[in-house]
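Both complexes shown next keep subunit A, but they swap its partner, so subunit B is in the first and subunit C is in the second.
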Partner chain A sequence: MIRQRRRGLGDRDRLGPFGRFYLTVVVGMVLGPFVPLVIGSFAFRWTWPDLLPSRWWWEARATARLPQGWDYVFSPISRVVESTGNTILIAILVTLLCAAISLPAARVLAKERFRGKSFVEFFLLTPLIVPEIAVGLGILVTFIQLGLAGTYWGIILVHLIPTIPYMVRVLTSVFQGLSDDYEEQARVLGASPLRTLWHVTLPMILPGLVAGGLFTFLISSNIFLLTFFIGGGRIETLPTLLFSRVSGGGALDAVAAGVALIVCIPGIVLLVITERFIKEEVFAKGFGG
Partner chain B sequence: MTRLRLDGLGKRFGDVDAVKDLDLDVAEGSLVALLGPSGCGKTTTLRMIAGLESPTEGDILFDEESVLATPPEKRGIGMVFQRYVLFPHMSVAKNVSFGLRMRGVDRAEIDRRVAEVLEVVQLTGFGQRFPSQLSGGQQQRVAIARTVITEPRLMLMDEPLSNLDAKLREEMRAFITRLQRQLGITTVFVTHDQVEAIELADRIGVMFDGELVQVGTPEEIFNRPRTLRVADFMGTTNLIRGRLADVGAAGATLVTDVGAIRVAPADHLRTGAEATATVRPEHIDLLPRDDATGLPGRIVESVYYGGTLAYRVALGDLVLQVRDRSTRRFGDGEEVSVRIAPHHVWVFPEA
Partner chain C sequence: MAIASPTRNRGHARWATWRRRAYVPVMLAPVVLTLGVLFFGSLLVALLQSFGHAPIYGITEFPTLKHYRSLFALPGFWASVGLTFYYAIVPTIVGTIASLYLALTLRRRFRGRRFVQFVYKLPLMIPYLVGVALTIVLFGNGGIAARTLFALGVIDSTGDFPRLIYSHAGWGVMFVYLWKQIPFTTLILYSVLMGLGKESEEAAVTLGAGRWQTFWHVTLPQIMPGVVSATIIVFAFNFGSFEVPFILGGGFPNTLPVEAWRAFDDADYSKRLRAMAIVMFIGVLSSAVLITYLAAYRRFERLRGRQ
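What follows is the complex of A and B.
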């Protein structure tokens, strides 16, 4: 998907007037919302109904060494660094756990037939149907009793609820595309089931696993409601931090703008890394060939 | 070298018998082909020998020792699949060395044996390529190299040539025969192509509907099929019905609507019995009409295949397929004399 967009940009010379217009609209819609955030983070004073800040930070250099928003973001008071760490740590653990849980499930759903299979498939999708707030409230009560509320493990567990359905879906279709022959060939050549998994199955499903992992990571690092409920203010992630910044007055101040931009960073970095990784995999090793 | 014995082997999927009461003895170092149409249970049999399916009945013995409790990776077998199944994420060298790496053979030894086996399959210098960069024939040779490098007790091949084009298939057939003779690995080969089976195998087992119908040398199967179905599958297209007469030490006569056909002597012939005779197209001779030793016939159609002529010849209502290698050519509608040598007629008593 990303590669296609890039190819589109590279071929701009060959685009007709409509193509060019369309491309501009798409790029504008993707990047547009970031413009006020970037401007806001460099503003000193930006109030309604001004289209642009009435005072920029460099006009108020005397009082602030850095732009106000960025100064706040990097100071320990803001908890931005701490929240970023929490977000990434939780997202990594959620991704690993989610993959470990979804792999066997997806394999069975893809390869086996059994009574009640369609029910299991439907059941796996229910977390996407039931509103998060209903799930969150119910779980909060239970987690308080279990002592999981306000803990990392509590948050990680609830993050698995909306992520497992995606991961299972992605991996099921990956396994459906993987012929049994490869694993059987590995067994016949002397590999135990575990070594077959490690040397043959996992490398072959790696692109799908990476794609599923990317989704999981992005979903986890964006979950607000469940984190907010279970974290109970004790564990702050970027989404809950941003919410607490903007929930006060509702105005977009420089600080909130700065935090909002920071929230986007893990996703963007991950996307860039993953895209490069998947591409190298495809070209160097000839997947699908 | 290992002797393989299947003893009353059976596999049931739900209500269906995929394989029924199958007995087969494969001698050390020999190549046996399991031949049959698709769905006859030959691949299931192969997968049971490999340990990829477990039999519901019977036993599988390597050198008279049951391997039923042994998982596939411990059976010491090699298997070549129909679709090569090279691991796409590994280079040719890594694919070929997979079995040795799983057995914990040391690096220097692995490198030496990979180079050796790549030379045998004529792929020296291809070690660093990836499977997607190879042609079908090359991929198949890698698959075979990957199998033989582990020096398996038993090699199993599941229609390994069916994905190759005709010319390559011939080459690979010769290659497999040579390799199997050279290495002396006991081999079971599954195919639906009778020509392939005849060319490759020391012995052929013909399977229909999960049952092994006949086991024998290619010559036996080809010339003395046990049932009409085997005869038909082996490419005999001419069926002539009649009644047996004059059964004796010198043979018998099959009295048919189109005339009398002499049959070579055989134990199962009974005077007066209804019977069906089969004759292969290439075993029928066509002569000019003035030769009186044959049955009268008329050419319906002739088609030239490089080297041979294929005729359809009418004897009354009966139409026979004939392949003639001689240089003389009969035109459509020409009257001919049809001669069939007694030892080429194979008779099945009516069931």
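What follows is the complex of A and C.
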């Protein structure tokens, strides 16, 4: 009896053949599609029904009239470099602004009890569950009137909508895990509120702040719809550039494949960073755990 | 906190109480005002315009229902509503089941665990449009899937390959959603599972419960709140998603968000009010579905006796 029970527990923990097959399929589905995308980005001629390109971009380099493949991606006419700059600039400003306005709210939500708290919490969640397009068109009309459409500040402002809910959630859980003792000691020892904030509170929440900031950066750099609406073609970011490359219908050309790969870079970099330095739970803080 | 003596400094005391009272509102103000103005302000603008209040286009017929009426009478409108639900619900259900199994699998012991844990999160980190590009390369008419079938002698020409993208059946659309969202749901469920630990499941096994019994009666009820939050977010996203059905869906009719954009982008400015009506309709439909879903879930939990 006892032996049977033990084996039962052990078996549950080890992965069976079906589970291993499932994981192989998952990994294959995630990574597999990138193989033709990478190959496609190096292709010059890749016609039906060849499984590999019949001519590669570097072979055609000398003969082609216009820059091909990766040459085109990195040339100024493709606007890839410009879009990358825009994406990074906007994401950094969104992250800083988002952190600055989310910090006080997160602190209050974590530490204080007050009337209407659950209402505020619900209020801060609504951007996650109301479709973006419902907000997008209303904002676009307003921003056109205000002259904010097609400007960096217009895009930065709309990016705050989907990022604030995440930032507040992450920072709230950071403050919840923070004891009041150190701040109180600093105050008792005569530090001003500002000094306490700078020398005591901020260093303690820094890891959480960095985690929240990285996600905000990522969310901002991946936003398409709101940038597309407010940017109006005047300001291109990587996602809107990719949109104009893939929305034509038909097959995907080498340049589109190259742009698609470039668009993945921020996400991959961030994935590597978070895997190494940030605990899994931060991702899903507050989603019913 | 320090209590000022009333005899010594009444003004200071009043200042302290005022500060205490103002503390919470002042701290919440930046976030609440930003979201309130941007988010709810724009919803209000869309709402007013959909009822005919648009002085910028010289239209002031507020309040009128004619934009909604013309919308409901539009050919293809209800087909568009159907498509929106179809593209939203199917991937949500399929994705949740696939994610549940993936999350449970990731908890086990196996070789290469770190690698799998890393790789499965990749789609989470990159824009939907990359998923769209991958889908075109794979499932387009001259895509890798078609070429592979040709090489294997299954099909003779691109025409024999089923239309997986640019069609109303929406296989491509749903593939992108699943590709992006299974990692998202899995991550939420996995971290909920990690937070719970395995004690209660082990107790169930020790008491003689089988695999399925443990899953149905112990594991699933515990992670249900995570499942509900994930499905809400995923459904709401799919329901309002624009770029994926715009690129990979069939022509007309397309989903509501795509039709909203087309109406807004039309040279005829008066159609912009119809776009606002569509957008409001999307918001109301999606909220109605989510509220019903949440209410049903609450009822289910109550019936089960968990609060």
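Quick note on the criterion: the second predicted complex is superposed on the first by the 223 of 289 C-alpha atoms of A that agree within 3 Å, B and C clash if a C-alpha of one lies under 4 Å from a C-alpha of the other, contacts with A are read in each partner's own complex, and residues count from 1 in each chain.
As a working rule, a contact is a pair of C-beta atoms (placed from the backbone, for glycine too) under 8 Å apart; a residue touches a chain by one contact, two chains touch by 3 or more.
Please read all numbers here as calculations on a predicted model, not as lab measurements.
S.K.: Go through the superposed model and pick first if A:D181 touches only subunit B, second if only subunit C, both, or neither.
M.R.: first
S.K.: For A:T126, is the partner it touches subunit B (first), subunit C (second), both, or none of the two (neither)?
M.R.: After superposing on A, A:T126 lies in contact with subunit C but is clear of subunit B.
S.K.: Identify the partner contact of A:P203: answer first if only subunit B is touched, second if only subunit C is, both if each is, neither if none is.
M.R.: A:P203: touches subunit B, not subunit C.
S.K.: In the overlaid three-chain picture, which partner chain does A:I161 touch, first (subunit B) or second (subunit C), both, or neither?
M.R.: second
S.K.: Of subunit B and subunit C, which one touches more residues of subunit A?
M.R.: C
S.K.: Looking at A:L189 after the superposition, I want to know if it touches subunit B, subunit C, both of them or none. Which is it: first, second, both, neither?
M.R.: first
S.K.: Just to be sure I follow: which residues of subunit A are touched by subunit B in one complex and then by subunit C in the other one?
M.R.: Shared contact residues on subunit A: 287-289.
S.K.: In the complex formed with subunit A, which residues of subunit B make contact?
M.R.: So the residues of subunit B touching subunit A come out as 50-52, 71-75, 77-79, 81, 83, 85, 87-89, 98-99, 102-103, 130-133, 146-147, 150.
S.K.: Which stretch or stretches of subunit A touch subunit B in the complex?
M.R.: 179, 181-182, 184-192, 195, 199-200, 203-204, 206, 285-289
S.K.: Under the stated contact criterion, what part of subunit A meets subunit C in this complex?
M.R.: 5, 8-9, 12-15, 19-20, 22-23, 26-27, 29-31, 33-34, 36-37, 40, 48-51, 100-102, 104-105, 107-109, 112, 114, 120, 123-124, 126-142, 145, 157-158, 160-161, 164, 168, 218, 222, 224-225, 228, 238-239, 242-243, 245-247, 249-252, 256-257, 260, 263-264, 266-268, 270-271, 275, 280-281, 283-284, 287-289
S.K.: Enumerate the contact residues on subunit C facing subunit A in the complex.
M.R.: 23-24, 26-28, 30-32, 34-35, 38-39, 41-47, 49, 56, 101-102, 105, 108-110, 115-130, 132-138, 140-144, 146-148, 150-151, 158, 166, 179, 182-183, 187-188, 190-192, 194-195, 201-202, 205-206, 211, 223-230, 232-233, 236-237, 239-243, 246-247, 257, 260-261, 264, 272, 275-276, 279-280, 282-283, 286-287, 290
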